[in-house]
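Beneath this line is the structure, given in structure tokens, with notes to follow.
Order as written gives the chain letters A, B, C, D, E and F; numbering starts at 1 within each chain.
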Amino acid sequence: MTLTHLNARGEAHMVDVADKPESRREARARGRIRMQPATLALLAEGGLPKGDVLATARIAGIQAAKRTHELIPLCHALALSKVTLDFELDSAQNCVWVEAFCRLNGRTGVEMEALTAVSVACLTLYDMCKAVDKAMIIDGVQLEEKRGGRSGDFSRQA
Amino acid sequence: MTLTHLNARGEAHMVDVADKPESRREARARGRIRMQPATLALLAEGGLPKGDVLATARIAGIQAAKRTHELIPLCHALALSKVTLDFELDSAQNCVWVEAFCRLNGRTGVEMEALTAVSVACLTLYDMCKAVDKAMIIDGVQLEEKRGGRSGDFSRQA
Amino acid sequence: MTLTHLNARGEAHMVDVADKPESRREARARGRIRMQPATLALLAEGGLPKGDVLATARIAGIQAAKRTHELIPLCHALALSKVTLDFELDSAQNCVWVEAFCRLNGRTGVEMEALTAVSVACLTLYDMCKAVDKAMIIDGVQLEEKRGGRSGDFSRQA
Amino acid sequence: MTLTHLNARGEAHMVDVADKPESRREARARGRIRMQPATLALLAEGGLPKGDVLATARIAGIQAAKRTHELIPLCHALALSKVTLDFELDSAQNCVWVEAFCRLNGRTGVEMEALTAVSVACLTLYDMCKAVDKAMIIDGVQLEEKRGGRSGDFSRQA
Amino acid sequence: MTLTHLNARGEAHMVDVADKPESRREARARGRIRMQPATLALLAEGGLPKGDVLATARIAGIQAAKRTHELIPLCHALALSKVTLDFELDSAQNCVWVEAFCRLNGRTGVEMEALTAVSVACLTLYDMCKAVDKAMIIDGVQLEEKRGGRSGDFSRQA
Amino acid sequence: MTLTHLNARGEAHMVDVADKPESRREARARGRIRMQPATLALLAEGGLPKGDVLATARIAGIQAAKRTHELIPLCHALALSKVTLDFELDSAQNCVWVEAFCRLNGRTGVEMEALTAVSVACLTLYDMCKAVDKAMIIDGVQLEEKRGGRSGDFSRQA
């Protein structure tokens, strides 16, 4: 078992994917940001404010997915064919759930893109709400499912 | 209690900080990535591999802190005077702890910069280890402490 | 009368602003995107769709304002203290009006930032609507008002 | 007739292009910046100054075309195979015409890339000339022609 | 013999590669940074410091290779399949040698990516050491070898 | 004598400049690209081609100076007040000399910005000429002079 991003001398490198065939890759990631009930209530209030908060986080997540290779040093640049982000306000657990889905026809998986989209969307929600609640916590950012590629499919056990 | 990043019509905007005085701002944020004991053991092995894994995550976090305003749509561009990242391998809890500290002489707080550095460092660790462990979870990304600025200091309760 | 961005040999350079005092600079720019009445009606329909279209264009404009110095080769990097974008759906003239306002405490004007925000917001509206209307026209992108700085104030004549 | 960049709930997303075949896509866009006759005369003066002004705007437009997906939130990253920009000084209409042409072998159209190149080239001309003329207007930024892709060809009616 | 990046009027443009077939392209570039013996000795000291200096330069070089098309105006965006950087401390010649290797399945060569990686890695070494030695010189940045593509292979003569 | 960008454990960090006073900083760097006489002759030919080649390299260098903190991991973001690049075609030594000058009112030196501008301008010249000469060499990239800041002035000995 070895870390593929290191060579035999332990030095970081960008691994070669030239010999991998192009195929459809998909990944779905999730995470959440926990907050005070009063903070969540501000987001849950009907009307436009909610629209712009979630829309802003959604756009931030989509754009971050596209720039993953700039943020994560050893990620390959790739041309995502699809990115979506979904939000769910959960007043039982006092959090906003964030789910991202990415798809690619290409030579590398898109797990990092989905995880990056979730992380940056959560950070954006933190930024939009931090004036009223600095104690929010970003939690449970994880890969839920991955399809395609040589390493096979992955599906998180419940 | 209102969300400062929205105007009265609920539309997103970048809030004015022109009238705030320049002062020293500091923020410290933490988070962790949980993994299989075997994955952590790979990181903990002596020698250079560990060096390059943590060094890569550290550089990624520092660079992300500098680009926070590109990632988080309503953040102001600012000129951080200091960024540090620290990592702690915790074999009791099977995780790597990541802590970031940012400082600025300026008109806005640097909480988002510290949280962004932690998030991107965790994502980079995920990327470096994902060939051996896709089930890792980024957890507990949170502000620990903040000093300076009109909104006063913040220190997380234990 | 000379072009300040060229030296005596006609070569481009980034002009020196080191000796200018820091002062408050403001700029307001406008523009519009003209479209078919049916396209405008799609935007004007009540409900969330409108919210996300305008919210997306607003975020794009704000982010572009912050990156003006990357887009316009001879612009100085600067730390905007405020950016706002406003949209007005005009069914009489079959267009969406876009107005941007930028503010800075600094050594250079922020006209380019306001004009860039308007242009990129209009381009984003084009992108969101192009599946139904490829003939839209971005028109009248212009500086409306500018305050502060050695070159004095500017206010467009009606 | 619907806006393809919104899902059924009106939320923005990056539409899937994975099932589109790769094909040759081309787009040609135009726009102009109107100015005082004296401003245009400065650009039209023989010699190098003109060269550097137009060369700077050309480079800015080419680079912006390559970064369109960073500026326009829902645009796909793509690898343009060709970008050209042409300028025409028009002393009858007191303006500089800007035309951009983009080509791609890929799964999405390149209209946004051509329009972005025109817009940023015009903004760069504004920046280079604003010391002598702040009232310039960017006008008529529009798609002239598009070829390839499922939605068919487009050619603007005279 | 003409410069392919200029058209018949001498204007810069991004040349068309749409008709080139996709093929494997590789390039290897080298360069070095010369320094005082005492500076080199600091880098050569055993232990982690050396690790982090070289690891930082390596990450900087890899990331720069991915962003070459943003830095070099007429370069095409492309999706490198592999990037590696190697460093050699040479106490005989008082320098650090930097070698970069890039690979792509695509329509353009990757010489610029390899040369950019070397240059930015050298600049990063300068930055890390400049507190003790401002007189360092970056030297001999050159293409060593190139394979694939219509223009044929290149191998530098010893 | 220690490397300031490493802490006591040899880990990279961005050093604190918050306590440094703002002052005027200047740096001048030089470098050159050596080429075949025939290649240089192509650049030296009268007319516009030369204009666009050098103009393109100049713009690339200026833009790179502004983005130095994105390229060099431990550099601080800063707001350059002035950037100029000069080129000299030297048919005696068969090279193009590139000189960059940067100025800042701030808390850090601008050596890295000047060196980065020179490097990227040289890389751009390589790119523009590589179709006719792949053996060009970028040489002698070095700091010529530096003024301001706690570490004092530097002037290279002839």
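The working rule: a contact is a pair of C-beta atoms (placed from the backbone, for glycine too) under 8 Å apart; a residue touches a chain by one contact, two chains touch by 3 or more.
Since the structure is predicted, the reported quantities are computational estimates derived from the model, not experimental observations.
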Higher number of C-beta pairs in contact (B-E or A-B) found for A-B
From the options A-C, A-D or B-E, the pair that copies A-E, where over half of the contact pairs coincide = A-D
Chain whose mean Cα position lies farthest from chain D = B
Centre to centre, by mean C-alpha position, how many angstrom separate chain C and chain F?
-> 31
Would you mind pulling out the distance in Å between where the CA atoms of chain A average out and where those of chain F do?
-> 37
For chain B, jot down the residues that touch at least 2 other chains.
-> 11-12, 48, 51-52, 55-56, 58-60, 63, 67, 73-74, 77-79
How would one label the connectivity among the chains shown: line, ring, star, complete, or other?
-> other
Touching residues (chain side chain C, partner chain A) in the complex | 48, 51-52, 55-56, 58-60, 63
What does chain C use to touch chain F in their complex?
-> 7, 11-18, 69-70, 73-74, 76-79, 106-107
Partner chain C, residues of chain F touching it in the complex = 24, 54-55, 58-59, 62-63, 66-67, 77-86, 103-105
Residue ranges of chain D in contact with chain C within the complex | 1-6, 9-12, 31, 38, 42, 47-53, 55-56, 59-60, 63-64, 67, 71-75, 111-112, 115-116, 119-120, 122-124, 126-132, 134-143, 146, 151, 154, 156
